[in-house]
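Both complexes below contain chain A, partnered by chain B and then by chain C.
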Partner chain A sequence: MIGYLAGRSPLHRAHPYTTLALAAAVLLVAFALTRPLEVWLLVAVAAVLAASGGGEVLRSSVRAALLLSLPIWALLFVLYGLLGAEPRLALGVVSLSAPGMARALVLGGRITAIVLGFLTALGTTSPHRLVEAMTASGVPFGRTFLLASTLTVLPRMRDRARQILEAQQCRGLRIGGSPLARLGALGPLALPLILGALAEVDEQVLALDARGAGGGARRTALEAPPDSGPQRLVRWALLVAVIVAYGWKFWRMRG
Partner chain B sequence: MTAVMALEGVAFRYPGAAGEALSGVSLGVAAGEIVALAGDAGAGTSTLLLVATGLAPRLVGGTLTGTRRMPGRCGIVFSRPWTQLTGLCSTVGDEVAFGPASLGLAREPVLASAQRAMERLGITHLAMRDPAHLSGGELQRVVVASVLALEPDLLALDDPAAELDPAGADALYGLLPALAAGGTAVLVATPDLERAARVATRVVVLAGGHVVADGPAHLLEGTRVAAIARAAGCPPPYPPDVPSLLRRVGP
Partner chain C sequence: MTLRDLVLIRLGVAVNLVIGQIVAALLLPIYLDSVGTILIAALVGPRAAIAAGLVSQILGAVISGNFSWLPFAVVQVVIALYAWAAARLGLFRRLATAVPAGLGLGLVAASCSAPISYFVFGGVTAGGVTMVTTVLRALGAPLGVAVASASYATDLLDKAIACALVSAVLRSLPQTLAARFPALAR
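Up next is the complex of A and B:
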């Protein structure tokens, strides 16, 4: 499942800015690392991060990250491993490009680390706490709503898709069978899904505006999540880590 | 009585539409009044609510001509409760407090407004529940409370009982006289003429974007439901209400 999973882990209790900073740091550091071992160490760090969110967050994040990453790994394997440049390594009957495989491992690892980091942040950051934190920081509601809606859009779309599929199946839609038949079933799902979402957003905008959301006044934070010195220190440390990672990358490039 | 909201010769056209959704509409709603808007689909009742609350053309787009005097604060309730939730609040209490918090009031007045609104709707027991796990009827009461927490001068309701069971609809309409007694002007667009006739102080009938009748609640006698009831030999009132029909059926 992609989305917030309630829990009491340290990540759940952390200030939302801290969890988002962790995910952002994984993203930035992933692009600073250029060697397969470094990148896969970062994947391990992202997995530890997911584990610190509790068993449910770890399971759902790893499962979703694998589902999202596997097709990309396969593509990278073909593009770089099988079709890559010389020198080649013979593995039984298969001949693989050595630099191509290294490149594929770096790119695949980066994507896996980034996806895992963000899924962990998504699973442990309550949209409500994030809104309250941003409100307390004086961020305008429009931006807060945009970010928080992005975090909640996947679970909402999934629920809606399930309802539409159930309704369409009652009207005779068959979703099993060959890949082509499954592809054909996407049409009756996608159109109502998109049109319904647009119509609802239209009405939600009116409802939110009528409730003062577009008034321009600075919103009152009712339960701003507590921040602390150690958490601020962690966020600064993450910033330093990112700077060090890029410094190292450029130093190596010059060398 | 001074009108809280007044329209004078108002015409409104949606963006890209060939014709006007409202044409030559003049209407005033005073504090404490409950005005029911009746009309067939496409008559313009929902559009009139959007215009009256200032959402059209500001957010909806389109062009408005004529004179419009707006109330200080408007609230609007649509028929589908789940589209009116913020999606950002984890409890009913936070959802209801969303409006006052958006006005930038201090924390205590915000919480007090939310508490009062929940008490009026009888949903204080739901305060700590997740809105995503409520029934349609409970959710619509949460939505109405969320709007009432803003203490609007004009409350507009667009077919507010469409998703409610009969008991929920009765409870919702039963709340309107108490709101009006507190000085709120209420404008309700509804196909539920029986309940509207029970609570409205005035009825405005629209057809094709024009106001075709404006007067006391017995105007509903001229509606299609009333005509069917009359043709079926039901005794007055027209349109019939459930108690009168039950009397007709007998024990």
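Up next is the complex of A and C:
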């Protein structure tokens, strides 16, 4: 959907933990807010965040966020606006549920804010810098391996799935027809993919072991991204903001 | 966690994320996004399966860009634990027991995902499930009933097929390969 977009913006230069903390804070605060105005203010904050990543990040993340959010808005409109509870507002030929539309605005805005916040983080956080930051802060090798290495394995596995599909079709496998017939084709396609991958496990373990991945020693980051006092302060402030948002939510619920 | 466990977890995550490509090619109305988690639970154990489920959820969000579904990560944890228990009971050894185990998993998974879907997202989540919810709502079902019915219907089908597929994989493993997974012998 959106990958890292190189740049020199403050978000690009920030420590990867700071950028991710901003996105995580947007996600957590989004679930704490319950009124349309509050949620759409958060959307505006997420948009400002995207803008601070530079023009290209703003364009890409807003476009991707709209692509992801529009189908959800459409479903919310039908489920809550058209099929929602009384009282209703007449808008030309259609009548919309007033409480339903308010709820749809909260739910739609929440998803838009979260998607926009994380897409901005993805667009401004270099995977290489993130791995270096994790290594520098002593995150065990296993965790960085799982997050970084799996992303490199996926294209290979996708290619293999495509090759198996083509090979089985050459052998006469039909992938059309009734749902049961299509379900029957699942085995000949999925089994070779999974069994082939399982057969390669030992080879991959040996290759990783040969590179010293099996040792428990703490690894040294070659280019650890610089962290700073103000950035740590920002991360603590975000944590406080999240706590305040939930405190406010529960206080309102009691009232 | 050993290096071998890590490689297997990576495999489980890749299966979770790539199997959808095959499902899409077959135009099946299911996701099968937990096949890798169930497989790793049977081959390695609950800890590795939970890791595979959580990493799948995170990387799925990274790839699709849609991070709002992260709260559903808890469903992957439940799937991992259930699948491990089912594997320990030997339910994946035969198709006749794997399918009922999958139906049970569908019930458990839907019982976790339906409240998240209803309370956190107001019933609007993945396209297919929400379409079923919308149709049921249009037919007059209350929103909570529509969301729960859609979740149960899709999860029962999805997990029954996922467990049948994992059972087929385990039964197709050559002896030499199966011997490398001590959890299978238990």
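As a convention for this text, the second predicted complex is superposed on the first by the 189 of 255 C-alpha atoms of A that agree within 3 Å, B and C clash if a C-alpha of one lies under 4 Å from a C-alpha of the other, contacts with A are read in each partner's own complex, and residues count from 1 in each chain.
In this section, a contact is a pair of C-beta atoms (placed from the backbone, for glycine too) under 8 Å apart; a residue touches a chain by one contact, two chains touch by 3 or more.
Given the structure is predicted, the values throughout are model-derived calculations rather than measurements.
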item	value
Which superposed partner A:L76 touches (first chain B, second chain C, both, neither)	second
Contacts of A:A102 with chain B and chain C, given as first, second, both or neither	neither
Partner chain in contact with A:R218 - chain B first, chain C second, else both or neither	first
Partner chain in contact with A:V131 - chain B first, chain C second, else both or neither	first
First, second, both or neither for A:R158, with chain B first and chain C second	second
Greater residue coverage of chain A in the superposed arrangement, chain B or chain C	C
First, second, both or neither for A:V205, with chain B first and chain C second	both
Which superposed partner A:A148 touches (first chain B, second chain C, both, neither)	first
Touching both chain C and chain B, counted on chain A across the two superposed complexes	145, 149, 204-205, 208-209, 213-214
List of chain B residues in touch with chain A within their complex	50, 53, 55, 59-60, 74-76, 78, 80, 82-90, 94, 97-107, 110-111, 143, 146-147, 150
Complex contact set, residues of chain A against chain B	126-128, 131, 135, 141, 145, 148-149, 152, 156, 200, 203-215, 217-223
Interface residues, chain A side, partner chain C - complex	1-2, 23, 27, 31, 64-65, 68, 71-72, 75-76, 78-80, 83, 103-104, 107, 110-111, 114-115, 117-119, 122, 142, 145-147, 149-151, 153-154, 157-158, 161-162, 165, 175, 179, 182-183, 185-187, 189-191, 193-195, 197-199, 201-202, 204-205, 208-209, 213-214
Footprint of chain A on chain C - complex, ascending	1-4, 6-11, 13-15, 17-19, 21-23, 25-29, 35, 39, 51, 55, 58-59, 61-68, 70-71, 120-124, 127, 130-131, 133-134, 137-138, 143, 161, 165, 168-169, 172-173, 177, 180
